[in-house]
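I've put the structures underneath this note.
The same chain A turns up in both complexes below, where it pairs with chain B and then with chain C.
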Partner chain A sequence: MSDRTDLLLALADDELILGWRNSEWTGIAPFLEEDVAFSSIAQNEIGHARALYELAAAELGTTADELAFDRRPEEYRSAPLVELRRLEWARTIARHWLYETADEIRLAALKASDDQEIAGLAAKIDREEAYHRMHAEMWIDRLLATDEGHTRLDEAIDELWPYALGVLDEELRPELKARAQERLGRALPDVEAKPRGVHEAELGELWEEMTSVRRSAPPGAQW
Partner chain B sequence: MVFEVFRQERKGQPFQHAGSVTAPDGTFAEIYAREQYARRQESVALWLVPRDAVSEIDEFPDEFEMKYRRVDGYSIKARLHEARERAGTLDMAPGAANE
Partner chain C sequence: MVTADQVWEVLAEIPDPEIPVISLVDLGVVKGVAVDDGTVRVDFTPTFMGCPALEVMQRAMEEKIVELGAVPEVRVRLDDSWSTDDITAEGREKLRVAGFAPPTPRPAGRMELVQLQRGFRCPYCGSTETKLENLFGPTPCRSIRYCESCRQPFEQFKTI
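For the complex of A and B:
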């Protein structure tokens, strides 16, 4: 596997797993409008994953579906941040905002890539992510506006901060820290990042569910 | 807050009432309306109007059953043609150049 496919799979796995996690709110989000919006964002993330898997699949001589569903959980390249199962709204929003902020930094770097296919796809993805960021930012405004919201956001950010750093390569982490500190109006601690490659236990459970339909059919079944 | 949402299906077409969204403020309403009424490319534009800004009129008294105000059965086109003939303004009628 080349560095290029390794990078594409890391990006695709992040989007697929986060899309899956976010879709766990479908039907049970705090209110109807948010339910529709958050589910729609989840579907967008999975669309981005598909486009990224297709680029990797072309190079590896396989298909997007095989990459998404036929690897073992330990082979996924996703960041621990997206693997966490956090069925609590303040933490979900904190994770969503941290991920979107990190993703914006990562996409900006990819848009400047010499690889035209990667740069082009990053630009395309970023045009949709802009709306995800608007959604995340308005929730941050909302949480910061009340004492209870502020406290709950702070607690969630403290818990998730090492995970958020782990989404990015080391050289991009200072930018994430600077942006997050400015937006939240407080200092964030110097902590060790939760790096890619070490999986959260919750990923196994997600993988079981996500691949169950595909594993129930014989290999090569047509859908 | 409740916002009434109007959607335009294609450029140039009238905006039609699509439904409403409940949101804490205008920013949330824009995001929610976008996801509810345009995520499948079914709209080219949306209008959002706070429900408070909509004036409703729902009383139309008709004490004397003035049915003669209705135009059912009249050929408006023919009547207008006659009227224009009398007034000598046939050449000013819409589409006159084609006649």
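For the complex of A and C:
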């Protein structure tokens, strides 16, 4: 597998798995606006995953669906941050904000890529991600505005920080740290990043659910 | 022999599957039409990438081209070549009449939440006393706003 395919799959897997996690709030978010917001963000992320899988599929001679659903969980290249299942609001917001901030840094690098297909797609994705970032920033403001919110956010960020670093290649991590420290107004520790490819147990559970319909379909089923 | 003008004409008859008041040509998502012998190649960009109407639009374009007696070749372009700035003036007016506030121009720099919080015109009463209720709405391309003057919620086409 080429480095290019490896990169495309890492990006696509992050977006697919996070999209799935975001969709877990559909119907049960704290209030209706957030139900709509997280459902819509999930839809966008899965749309990005599809386009990225299609680029990889063209190279590998397969299809986006096969890449999304027919690999074994251990073959996914997602970052552990997106695999975690944390149906608690402060952790959801912390993960959302950390991921979107890291993703903005990653997309900026991809937009400057010599590979025109990747640069063009990254630019299009980034236009949509701008709305995810504004949504995440709005929630950081809200949580920082009260003592309880602030405490809960701090705890969530501390827990998720090694995971957030693991979203990015090593050379982009200092920028994430600088931005996060500035926004949160405190120092973040130097810790080992949770590396891509070492999966959280939750990924296996997600995979079982996500692929169950496809796996149960009789051979030759038309979708 | 089919001409490019004929193709543009039939594509302009295809409504957006989720906002049927506006056509695909009004939306500006058809980036190019090329006729080569009996083959019509259409370059097309999705609005939002997770839009479930993508395949419906593609099929509708193919059907129209087949009706003209040509072979369709619809290519999806996945780059930054489409912006809501490409929605035609006519398309914007159709959106407004249907109760959707049209998108504002794409900003030169980074889009900030504060730019979306103020100053948008209510498509029903024309007041600018409106506020952002939710960045997200019933489809990926829309936000929800509320008019403080006529007390009516309305949908805003997102700027991208």
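Just so we're on the same page, the second predicted complex is superposed on the first by the 221 of 223 C-alpha atoms of A that agree within 3 Å, B and C clash if a C-alpha of one lies under 4 Å from a C-alpha of the other, contacts with A are read in each partner's own complex, and residues count from 1 in each chain.
Here, a contact is a pair of C-beta atoms (placed from the backbone, for glycine too) under 8 Å apart; a residue touches a chain by one contact, two chains touch by 3 or more.
All figures in this text were calculated on a predicted structure; none of them were measured in a lab.
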item	value
Simultaneous placement of chain C and chain B on chain A, clash or fit	clash
Touched partner set for A:G120, first chain B, second chain C, both or neither	second
Chain B versus chain C as contact partner of A:R142, first or second or both or neither	first
Touched partner set for A:S40, first chain B, second chain C, both or neither	both
Partner chain(s) touched by A:A102 [first = chain B, second = chain C, both, neither]	neither
Per-residue contact with chain A, leading partner among chain C and chain B	C
Which of chain B and chain C A:L206 touches, first, second, both or neither	neither
Which of chain B and chain C A:F31 touches, first, second, both or neither	first
Contacts of A:E128 with chain B and chain C, given as first, second, both or neither	second
Contacts on chain A seen with chain B and repeated with chain C across the two complexes	33, 36-37, 40-41, 131, 134-135, 138
List of chain A residues in touch with chain B within their complex	31-34, 36-37, 40-41, 131, 134-135, 138, 141-142
Chain C to chain A touching residues, read off their complex	48-52, 78-83, 110-113, 116, 133-138, 140, 144, 158, 160
In the complex, chain A residues that touch chain C	33, 36-37, 39-41, 43-48, 50-51, 54-55, 117, 120-121, 123-125, 127-128, 130-131, 134-135, 137-138
Partner chain A, residues of chain B touching it in the complex	21-24, 27-28, 31-32, 34-36, 39
